[in-house]
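The two complexes that follow have chain A in common; it is paired with chain B in the first and with chain C in the second.
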Partner chain A sequence: MSVTSPAETAARTPFLKPLIWALILFLCVTPFLLIFAVSFGHKIEGASWEWGFSFANYQRVFVGASWPDEITFLYLQKLYYSLYYAVIASVLAVLTAFPFTYLMTGLSRRAQSAWLVFILASLSLSEVFIVMGWDVLLSNRSGLPMVFKETGLTAWLKEVGWFDTLREWGLANPRNVKFKTSVFATVLTMAYLVWPYAVILLYPPLSRLDRSMVEAAQTMGAGPGTVMRTVILPSVRLPLAGAILLLFVFLLGVYVAVTVFAEPAKQTMAVSVYEAVRGNTLNAPFGAAQAVVLLITAGIFLVLGQWLSRRGTS
Partner chain B sequence: MIGLSLKGIHKDFGSVRAVETTDLDFAEGELTALLGPSGCGKTTLLRMIAGLEDPSGGAIRLGERDITALPAHKRRFGMVFQSFALFPHLSVRENVVYSLVISGTSKQDAMDTGERLLDLVQLKEFGDRRIGELSGGQRQRVAIARALAQEPDVFLLDEPMSALDAKLREDMQVELRLLQQRLGITTIVVTHDQREAMTMADKIVVMSRGKVEQVGPPQDIYHRPANAFVADFIGKANFYDGVVEKGGVRVADTVLTRDPPAGFINGSDVRIACRPETPYLDSNDANGTRIKAKVTFVRDVGPARDIHLETEIGPMIVEYARGENQRDYVVGQETIVTLPTDGLHVFAKPGWAAE
Partner chain C sequence: MTRMNRRTLLKTAGSVAGMAAASSVIGTPLIAQERSLKIGSYGGYFENSFKEFVYPAFTEATGIAVESVTQPNSTDWLVTMTQATQAGNVPADLSLYARDTMIKASRIGGLLAPLNTKAMPATSNLDPYFVFEDTTGPIGVGAMSWFSAMVINPEEVEAPTSWAEFWDSSKFEASLGLSKNFNSQFLDIIAATFFEGEATFATKDGIMALIEKAAEIKPNVALWWSAESQMEQSMKNGDVIGGQYYLDVSNLMALDGFPIKPIFPKEGNPQDYGSWCLSSISDKGDEAAEFINFSSDPATQALMSRKIGTAPLVAQSKTDLTDDEFAFVSGTPSIKPAYEAYLDYETFIKESWDKMLAGA
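Our next item is the complex of A and B:
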């Protein structure tokens, strides 16, 4: 039997490597290029759409279709809500996952493995499944609001006067607390959705953290709060920022949670893209233009993050 | 500075006793080495002193004050860790003044102390460097300066030399000892290296399997080991098992005489230790038991020469410092070895404690 080295194989098939590269490039780049090309096309009323080259769709995203006669920021508002939900949810997920992961890395190897398997397993739940669960949990008739009412918590909230505060925040109607639809429910579900990712992103840097640094700080008079503030957080600030950024970009594209939990006026660009491409409005070029804007926004944040991390390390 | 004392301290991890009940006193301004093999409980003992590990029982007193329940951050004993545990996100100077900054010392005072300490550990020019830019020896000095910044009552070091190479280690041992003597600070060093302990310590605590085997000044421990473990762990020794016979010890067919006579009942099983530098080769003047021997190996390392012998009582190593014995020895040579009467340590068999 003769053995051929990879170098020999490469010499005999010189076209194989470029071919594989071309295929990968084609699969990765083509969808983006297509969307980009479509975004310059226009819709044919009552039919489909056709290729073209006009910036009308982009104009509509930024200043509205009737510009310059009339200016509207409807779609920029949707972009704003995309950013708003994603920022809060990603920060919330990382901030809650951080203490959990930190405590987890202090457990025995066995316990850590069990937790990691459990968290990895929860990643297999789809967005639809998770949103359905939270939908039931937060629904006005069968979820937490019912529990609030039945246990007398609602009455107590009214008694102590906090109920009015909840109403101001849009988390209650005159009769009972309500979580649907609300920014609170949207952000909570989005944070829940990426929480396992946050743990998995934070686990490697936290498990590598030299615990003797914590003990050294203790012997120098640092209490638990000071240790956290002056040693642990500064040591993992880059992974923390990285995790927030990654989850933020991921959350820009969340669809199901927003359609279920956000009120129509506060829906995001991802929802608008879907509606243009497959939903009610059926305007693929306009949907494509919104998708490109969303993509560029995500890109800007990633570049910004990269720049900040480079500044942080230098 | 105040002395530290441990009364009945012990530590259990589940059903395993890591440190047996221990009473120890650390005198003011003295350097004590906790010496023993890996897993003997010396680091656990140090961590209990630092407040990083809760003792399962017993009390720790600093002067007259009971500090057993005091958490580490309130004890504020300066500690140097095996890994040095320096903060990579801070500069050298910021590392050194960490304890002062978090305790609210004014910036000017903190910086002045930082400069003084950096000068003390000969790193004055390195204050603005990152930790990653320092060598192992420099890192250790930063760790020492950092631990001293808060002017601790007790200075603790956990295997401080283990991350350094052999040459640097010897230099740092002397340097650390001189620094400690200059500051007069009560210091406890954990080490598994007996040379390190002998170089630095006023007092050595030899530990094995969670138990203190012997406490004493280095020369005492070396010349008067309390048991076979200490004799074996501190320095080198030739060991023979034998039976007490008329004040001497019979090993195989030879009776080794001892002065003063071995204080055991005739017929007791004992173990003898003999330091390699105590026997003599081909000496007519030496007073002791003369045994026939044959050279099996010669190891000449420059300052000293080890001559390995096969004797009637078993293998033996005899060590001569350079110039001490001018004769040449070659493998296969027949010789006579004299075991001096005062050079034998006799230990009882159960636990091998000294007579």
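Our next item is the complex of A and C:
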């Protein structure tokens, strides 16, 4: 704590507060308003777009461009996959980071800070880099499929007939197993991407957890499962839900992992937004409309999550 | 780039300051009094080859210094140039546009300046198809062309004689790599293989027939690539054993020993080309004309074929390319993409194609 209180500082610099507000408005609200305004624009077929005021782009998001002659839920399908990957990957990341972080907080101070530095350092890896790494790991000649082939696992799978099942699931071609493109690879990479964040988000509540409560429960005869269920989990329920929500929102916008690991039928709205704005059609208004719908959906989920966790505490 | 700057610098200013600037990468302020031109080209191997072979030859011939500018591709570049033109300051005087992007730029209007073809006598070597005129005059002159060819992994499959064999699941189940992009000319291949070619694009029903045919190949496609590097990696790794990919890059990969072989099946491969287009707010029209003239010269076309792997826009007989060299970068027949239809039915084709991919 500093010696001067915030009120005193504000009294001495009367312009500071409005200045900060102006900055926040400019940095956060302007881009959003711009996107919002663009989303009502009009696409000129074969060229670019112009400013306008029509709801055609929003209509297209829900029923497609040829409505009412024809109806398609193509873009809602993309929205569904945005939510699908984000929910699964964020839950997966938090569920796996939780035991790790719990065990980590039981280590010595020195070991804890070593782990934290390592995890913070891994955040410097960009999405592109991580996707590249997993791409290599899952590739036919350099990754997991090669291991399958060399260890004889592929031959064994073919022998017992499970290989055909894998082919039906799209996880094999006639020669070997394949993990790209698949939901498995997409979710795995996305969970990996946010895993360090999950640890960092869970670390403060778990390190504040009073270990004597755990010991007390144990001396009273509670097994590890019971301790986890009745002591640890209830006390960190809110941070857990908060971490999942934050990672969920973060994952809604993932682009590289989805373009590389998901087949076109299972790609997300973020990819569709990018294609509309920067792709061959130069349809920024349609991209903006999709972005607004995605944003509103994320907002609804956040409010819902907040409401659920508040209801859980009361 | 570094080498070229150093050479021009040593020629003009032998001062201590000049030497100091030469050791830095860009010595632009010192050569500002010279004639110069900013030229955009697709980044990576392509741009590097231009910087190493084409620009130095041009500077030697004309004394005009070239500053190379990296373009990600032509569509993204069109967005950049549109915004830059509005802002009144463009990153490049001349840039490369694929034909569809150039037509799009022409339809948007106000982005490209008409070229003075009288100042470029060498353009007469080119087929008139490669000099694109709109209502304002000639706005693009062909720079070089490229094929996106059928490729296979020769260690895994025998060379097909027709594109139709890619639909055969007994050979290619979950094994092909095709572009995810609706206008990457796969529809042109289908039109040439199963329908009446470009004429099929004339109606929406025709286009739907093409897309329905494309839907039938989906079980054989393991990768719908959006970035070139994805296809490159997948061919190298054996994740896919065939598909559609650039002829020049495939040949280079094959030279490096990777299992890839480009093929000209009986229907041919789609041929696309890039044009030099001058920004409407550039004041380097004269320098640009000299460069386009230089680029249209059969000797330069041959140089690009040899060093960059692009197909020449002039007849082989006008160049000194050997048959082997020519076959490395070009072939017959060539499928000419239905550029206008892709633009006239833009939203319709894009959404129908995406629906086909998504199964929605």
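Just a few scattered comments:
Everything that follows uses one rule, which is that the second predicted complex is superposed on the first by the 280 of 314 C-alpha atoms of A that agree within 3 Å, B and C clash if a C-alpha of one lies under 4 Å from a C-alpha of the other, contacts with A are read in each partner's own complex, and residues count from 1 in each chain.
Everything that follows uses one rule, which is that a residue touches a chain if its C-beta (ideal position, glycine included) is under 8 Å from a C-beta of that chain, and two chains touch if they have at least 3 such contacts.
Because the structure is predicted, anything quoted here is derived from the model rather than measured.
Superposition of the two complexes onto chain A shows chain B and chain C fitting side by side, with no clash. Of the two partner chains, neither chain B nor chain C is touched by A:Ser108.
Once the two complexes are laid over each other on the shared chain, residue contacts for A:Ser66 go to chain C alone; chain B is not touched. When the shared chain is aligned, chain C comes close enough to touch A:Ala172, but chain B does not.
Once the two complexes are laid on top of each other via chain A, the angle at chain A between chain B and chain C, using C-alpha centres, comes to 150°, given in steps of 10.
Within the superposed three-chain model, A:Ser124 lies out of touch with both chain B and chain C [touch as defined at top].
Judged by the number of chain A residues each one touches, C leads among chain B and chain C. When the shared chain is aligned, chain C comes close enough to touch A:Ala47, but chain B does not. Contacts of A:Pro264 after superposition: chain C is touched, whereas chain B is not reached.
For the pair chain B and chain C, the minimum alpha-carbon spacing after aligning on chain A is 46 Å. Those residues of chain C that touch chain A in the complex are listed here as 75-76, 78-79, 82, 100, 103-104, 107-108, 156, 173-175, 180-183, 222-224, 226-227, 230, 233-234, 236-239, 343-348, 350-351, 354-355, 357-360. Residues 43-48, 64-66, 72-74, 77-78, 135, 139-142, 167, 170, 172-175, 178, 180-181, 259-260, 263-265, 267, 277-283 of chain A are the ones that touch chain C when the two sit in their complex. On chain A, the positions that touch chain B within their shared complex are 210, 212-213, 215-223, 226, 230-231, 234-235, 237. Partner chain A is touched in their complex by these residues of chain B: 50-52, 71-79, 81-83, 85-90, 98-99, 102-103, 146-147, 149-150, 156.
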